[in-house]
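Note that the chains take the letters A, B, C, D, E and F in the order they are written out, and that residue 1 is the start of every chain.
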């Protein structure tokens, strides 16, 4: 029943390739089916003004899509002169989600910027960005631990994200683009491997949902995040 | 235990005053405690290019805060040269939420723009904007029905929104600013009077939550939306 | 002969309601007929660089119109990405006018920003903004005097503004929108209660004027400002 | 008593050199003392949307300052990414003033854009721009008359502008930069050669004025405009 | 003598991997040593206004760098609100160079946009972009030929680019970043496989050069372009 | 054969008038035929952050065109909200070229900004800007030497620029606009009087060139630069 032939609770194939760029302190290419996102983490000594002197660390994120990551070419945001509303909304979500999984005391007063650039899009880019972004972040933190700059690991519980939605009346896991563009209800679920919830966003466009359906989507999401967290740990421990 | 002395499941005082500006097709000032938002609805014959000729209507929203609606003065976005990320995120949410409660076939090929401008902020401005925005929208649609331009009411089930969160470890309804700035978890719940869910956004900053807590917040939200919907209907039928 | 039935030298009804927003140091809603402007004053300790260390105070103003304050909806300037020429011109006028009525030595090295936001427009918004802006400014200064931060009142002579013009060949006081859009010549007159002139702007579009007409408009303006100043004092002393 | 040694009612030396650039339909370099402004007029067949089909013409203006036209270098507005408030205010004034002296029916449905670029500034640039702008405009219109595109002269009464102010307590004509930066009150007076008033802007900064002083400034302005109009006619008839 | 140990006339390793993204009509990842650029070509039916109806085709290019493609993180241009001067200069060069190698009559009235996004930078990104851009362009054109939309190949002579410079007093081929940042003179040479010159840019910073040196750099460039063209043909014929 | 009737190796008439604006430390109007560029040099004590404390000086340039310097009116870049790609490319070239001819140690830690504003364009504006810019720069430096702020002349070898191209199959010197718009190949050659090369940019649009043609253009350029350098020295020594 799904265009891809997947089962209702089946994720797309997941791969996470680390060490993609030599300059970044942490980097990976995450591929969730045909959605490919390059994630890099940059460590900087400065922090935003509002936490200067607090001893706390900060994690922030930026998101972009290459012009031809999509079916038809999108206008380059640098040419348009600003980031669009969707971009801003997504990068705020990525930053919040990653931050919620960080022990900011343990990180110490430094900032890590996670850049997520979509190379190829096929639905679920923001979830892939969060999941891959955590890997890049973890790799950067491992360097800080190795040099002794950080002594206690601030990232002990992986953060991952997956989208679920109601497609053709059924709750399905990990929407791809053909499903996403048809689904009347979809949601993004950001959790830790240990099952803690960080962010839940369910949204209806041209439809509504009820609490039963919400619970079905939550159940699927828990399954998906478990799979993703395993892939994350495999990648960072490789 | 709440700074305001309210019970855990107690809303702030709600008032909705209609007919605030003479030019708009629909308008109201919604006051949820000390949060005051002026909402206006503007009917236009044009629709966005992607639905031209479809016979379907469109509802969109814009959001702004007056510079001194807040404790300390905010920079005017027109001076800054762009809308900030938070503004963009909120106005997209308002538009999506109102649209989900509209029968776009019944509305016919026209656009209604709902402007929500915060006159005074004390927490929960986006929820007040959605709730008041629905009233302005309904009043505008009533004019279309009166003139016969629309023959079947496209707005039969009020859409309202309320925020809930975990404050000092407890689930509380309708966060005001002192609570909102302390809460590690908060959520915005957009529903119809009949209990249909339109959008759920739960977000942790410096904390996490579990499904039990999520359900408690949902229960509170259902109570809050019922109160708000009653106030909406009273206002539009006055 | 006037669309509103007013006499040639008759102002519209004037009301000034103070204490409109709880956050601002001074605020009022001024209503001149159907023109409604919300004015707030914000005290800040910083001053512009060019007077730093001078001991002198500064007063500046910003002006905006809500999108549906007008007959048809105006584009939000924050969305357009910049303030339009008319906005810039008006807010510079408000700032200059208010500043000319302030003893900047007595104010001391601090800045007060007056925000004037048009809620509903029906002609004469810049004059209403100056008149209401002075009230907000005075209320903020009264707080500084009460706390002893300012010891000598820097605002002893109210500043008010009114527009006059040639409508259907006659000099008329306080143009409303239907008159303003027809008048070939109009002017804005900013004065103090004691009759000192601060700014006079007379402008012809599709017509010219002579010195006799200029003097008639000045005479009307003096009458109008006297009425406005009385309303200002009543409001701040209430 | 004046820094330049001029009498109270003495203009600076005025020269208007026409035919400065080969591409423009009309052009001149106007020099009022050390204030030098290059003015060009461009004829275009299109008109702004709001008069399309009306048969009426339009005149508009733009104003700029070269970065080193001033004592210390100003930032180039193209680099800053926008025109400043002062620029916008001035170019709107130039456009309005020139338009008020044009018979828009006789001009016919076309637009003339007058560009005024300050090569060297020493006070009074906006007045020089209006005065020189009229010359460029007139030269362009003469071409239209010569080709028969326009049959009745739409520019029969020269428009000129001069600034006057209160300097060291005295009314003086044609403020130069040292006077302008000291004057507590100054004004710009735009008139036609025949004595019709088009725009009067009097403004106090750190002072006020009364009607007697206003009349003295008006008297001086009439004298100044007579001198300028003679120079304009000499230039266009050369 | 070269930091990399290469001979004076030795290129870095070159690889061109095609079919990188599924959406683009043509795409490749070109790797010149540690410089990696993703190039995509997008076919559109519209052309710029100035050639509409001419029957001629158009090729244009855009260039970007991912924020962490460089040693330290660069600010994202979409966040900065505009493309920097270097970006603009480079993308104009890429467009001009590719266009010079296209038979625009044979291409027919359509536009191909080549996007070049730097994934990892180590000197010579603009040359890699042109060389890889030609491959993406060729692949897109092959599709047009396959469908019969284009009947005569508009791309018969590969266009490639290489940088050469004076490093430590010697002429060297294909500067990498350590060389580029030390070289007092460097140049970009864009040629076709058959030896036709398209663009030559030689530039001194803190040094000068003479015609002998210019000729040495030209000789090296001819060798480099021959190598690159062979790699291009191998890639498109794979 | 040339539209102007000039010989293949004949420059247009060159004149350089110094002391054009009273405020700038150095200024000239350079006229190469009908191309007229006003160049000013501004000395500032600050330097860019990346050389602060190095003891080295800096020279930078900005370039602009007056709206009606061209055949049809160009949009003012300050109105458009940004400098176009061509402008950015040109001003970077001017800055680089002038810098290459400066002994930055001798100049000392200060910045000189050269503004080049095109008053009338007829081809070759960037070359005229470099040539005239050097004169303005030299005049400013002469002031520094006169006051003793600089003790050793940092500008001993004039920098000048000329364009050459292939017009109707022939190599010609100093392209004017009619030639420039027809030439399939053109180049800009920046050299010192003593024959050192600073920048060479040759570019084909709709054509290609070979090394023989390149050498012919170089020969012509050497002749042109010799003429220009003589005019530069005459101007600065006048």
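By our rule, a residue touches a chain if its C-beta (ideal position, glycine included) is under 8 Å from a C-beta of that chain, and two chains touch if they have at least 3 such contacts.
By chain, UniProt protein names: A, B, C, D, E, F = Ribonuclease PH.
Just so it is clear, the model here is predicted, and its values are computed rather than measured.
> Touching both chain A (Ribonuclease PH) and chain C (Ribonuclease PH), which chains are there?
In this structure, the chains that contact chain C (Ribonuclease PH) and also chain A (Ribonuclease PH) are B.
> Please report the minimal path length, in steps, between chain D (Ribonuclease PH) and chain F (Ribonuclease PH) on the chain touch graph.
1
> If I average the CA coordinates per chain, which chain comes out farthest from chain C (Ribonuclease PH)?
E
> Averaging over Cα atoms per chain, report the distance between chain C (Ribonuclease PH) and chain F (Ribonuclease PH) in Å.
Centre separation, chain C (Ribonuclease PH) to chain F (Ribonuclease PH): 51 Å.
> I'd like to verify one number: the distance from the centre of chain B (Ribonuclease PH) to the centre of chain F (Ribonuclease PH), where each centre is the average of its C-alpha atoms, in whole angstrom.
From the centre of chain B (Ribonuclease PH) to the centre of chain F (Ribonuclease PH) is 59 Å.
> Taking each chain's centre as its mean C-alpha position, how far apart are chain A (Ribonuclease PH) and chain E (Ribonuclease PH) in Å?
Those two chain centres are 33 Å apart.
> Going by the touch rule set out above, which residues of chain B (Ribonuclease PH) reach two or more other chains?
Correct list: 81-82.
> What's the ring order, kicking off at chain C (Ribonuclease PH) and moving to chain D (Ribonuclease PH)?
Listed round the ring from chain C (Ribonuclease PH), with chain D (Ribonuclease PH) adjacent next, the chains are C, D, F, E, A, B.
> Which residues, counting only chain D (Ribonuclease PH), touch chain F (Ribonuclease PH) once they are in their complex?
That would be residues 20-24, 27, 34, 38, 40, 42, 44, 62, 64, 66-73, 76-83, 87, 113, 115, 117, 119-121 of chain D (Ribonuclease PH).
> In their complex, what parts of chain C (Ribonuclease PH) are in touch with chain D (Ribonuclease PH)?
Interface residues on chain C (Ribonuclease PH), with respect to chain D (Ribonuclease PH): 82, 85-86, 88-89, 91-92, 96, 99-100, 104, 187, 192, 195-211, 214, 218.
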